[in-house]
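The structure's right below; bear with me while I get my questions together.
Naming follows writing order (A, B, C and D), and every chain is counted from residue 1.
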């Protein structure tokens, strides 16, 4: 009933996913490759590891996000628990932000997982865009409110994938979805980093369920960096005081008006 | 090994701390009284319940705190998980904010727990203030950066305690500590809400370890209110965008300077 | 942009939802009534407060739940951060456990919010059960895997509601849903505590979005109790060691077999 | 006031720690190296990156820990929020488990940071052990309850460090501390993985404050793996039911005894 295939250890051994940690992993694998092993039970090829490293790095640091702010504000109240500050930051990686990569992975897997070799990708892109158009929901993975005309991460991620021979049907379908979304909407909607990451997850054979986890573990790294900076040059106190004053200014004014009368 | 004295149930019964939940608790106790039972195994007297209700209410809502902001920012990213937003808000209730009540409780318990009936409270207050003075650390529970000249919650909490016959040695010692701190520092340092809550926890016979928990459970109520308001009139997005722009403005400027040259 | 209607304070005042905290709240309201005010901006009537207290108390303590275990295991690793242990426990109050009350509230609100006075409740119950039957999803709020033949909390909660004049259409519809579900399925499916709480939330006029929050804040109280007990008589270590050994026993065996050959 | 030196972006650029993410980072750095940059603002040398990768990998996966259990139990209640399950798992990485690496780093930094080139390391080890002996606290980083006679990770980590020319005074002092602790206590107390990681953090020039963060970010990777396995082959339900039954068995028995009388 209580069973895990991930790791076991004895007095003199530590084995993770079938590899002896000291002799077969340490010094032989990089962190991302080991995380690939931890998640899938497979060692990535050198090419897969290169693409996977790039994919994860893309997810580490996105500036002063709501998640980074939540972590920094938490640290301000409990500096003795930096792990809880990172945890607070991770709690917000849901449907709106990092979770959106999962939406792309699900969308692409819906057409490609188990598909015949001669699947018409153009037709698949058409089906995807039409379904979103009919439902009135935005196509995930295309367009960006800020990075225009294109998200500079996407061409680079796809270039690395091409160099590594991992520029297959998931990338092709994602690009076709972007083109079709542009055609239907009449707007510029190039593939964004979320779309690129969702597509590369498919190329790497990662289970759809793992995709949100990629963002969670990468962002944990980013958040540790933010907490460290917050410990040296804090911004939480300033943000707090400003928000607190501003938020209740209208109530304080109402009270003054009442007292005057 | 795995043993808990809190609750048990069978097909037709639910018993918490020895009371039958449906017939002996529901409709007979208020939420705070039940929480007193949950924490201590004892039903509070009516007087204890009144003081305890006031104490907990004091901890529920403190405006747009770092904790409320962390919860709201988390909700913005994962609105499908309001429980995680509350959790993120609680993570910051550490040594700096809500945890400070624990410091007061420890300070008072150090003199009063197991003390003789004729303990000289004035001398005890002197020892406490002198020890903090010598260590160069502020005396907890006195003074307030914002509520001046006095924290309006303290006299009211102590008034309720007096009405309930719970204005004993913990309250008296806390007040003497405030007076002594004023004498030694030459500054106005009246007992603040933190000091009042720490003192009343002692009057209620709550274990020192439970005191931080009072703030955690009360603030959970406050945070649910903040999340609900955030779902109707959000502030997280505005705070985020402003902070993100402002935080990196100097880096963007440096880059422009570099490009000009 | 950054605006909250919950609270404001000045040097000598603290106002929550329009009430002066020291003079109008402390000593006059109980914790649950104050939470009702915090969430809705309205003071509950005495009857509403009684029902609401019973509803919240029902949610506080459910034994050694996954949530209580998560909190206790977290405390074992970071006893200096009890607030983070409570937070960890709250993170699991999602779709499977406490979040299910929200499902009931949504289900009832779908028929009753804005409904005409002469709505046929029996027909509404029929629609609800038929829709779930057609979708192959269980009707929320009825039946219980353990409390049989009935959940002992439900009759008591409804009795209190009746005494308080809050036994209206939400309760009636919930009971009809239970009866209809029994008729359609041929199984005993009486209204459980989740169903009762969802119905009473409707009677109290609480917004559907607030309902999961009730469980979150009530359970925070329960979790503080569990952490306190864990600090005195720990179970986390035992559960951990047993699970760790058991989980990897098959891997250790495989290794021994390999070495023998 | 609100200022961060970590990252900035414009419509066509994304810059982290002064490097252009698409052209200078992606495809050129591995994840661990990028995390080193994120935390310290410096790119690691190839040797530093190799040691740092090994150090982080060592922290990823430690079997069915309390942290992994908390994550899995949280996932069981809120499978729609895997990020919150990881967060719950991180909340317990405090003083007892992963936080202990920080203790080693602080201990070594106390002797080595800013020390003269000719510091007598043997004397420093003597001071460290004597101070712990006098305080009655265990020396961190030595001995292991389970891995005996030696922790198999330590010799391998130190071997990699030696190959990379990073086997300097921090490693030497840690080894001397182990030897001295053995001499004073008369027990086998070789350097464990915690001690090795604390020492290597010093060799890498990481700030002491960053050390707990290493464990937090590495363990986030491990927890994603556990959640993924839990989604496929759950253990949380079984652990819960067993613990719940066992924990309250004595209360149920007491009740039966009472009813018999």
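Criterion: contacts are C-beta pairs under 8 Å (C-beta built on N, C-alpha and C of every residue); 3 or more make two chains touch, one makes a residue touch a chain.
Small disclaimer: the values here were computed from a predicted structure and weren't measured.
Seen from the Cα centre of chain B, the chain whose own Cα centre is farthest off is A.
Averaging Cα coordinates per chain places chain B and chain D 31 Å apart.
Per-chain CA centroids place chain B at a distance of 23 Å from chain C. Rounded to a whole number, the gap between the C-alpha centres of chain C and chain D is 36 angstrom. Among all residues of chain A, those that touch two or more other chains are 1-5, 7-9, 13, 63-64, 78, 80-81, 83-84, 87-88, 91-94, 98-99, 235, 239, 243, 247-248. Taken as a graph of touching chains, this assembly is complete, with every chain in contact with every other. Of all the residues in chain C, the ones that touch chain D in their complex are 63-67, 69-71, 73-81, 84-85, 87-89, 91-99, 235-236, 239-240, 243-244, 247-248. On the chain C side of its complex with chain B, the touching residues are 1-9, 11-14, 16, 21-23, 25-27, 29-32, 34-35, 38-39, 50, 53-54, 56-58, 60-64, 81-84, 86-88, 90-94, 98-99, 146-148, 150, 152-153, 155-157, 159-160, 163, 207, 209-210, 212-218, 220-222, 224-229, 231, 233, 235, 238-239. Within the complex, the chain A residues that touch chain C are 1-5, 7-10, 13, 15, 78, 80-81, 83-84, 87-88, 91, 242-243, 246-248, 250-252, 255.
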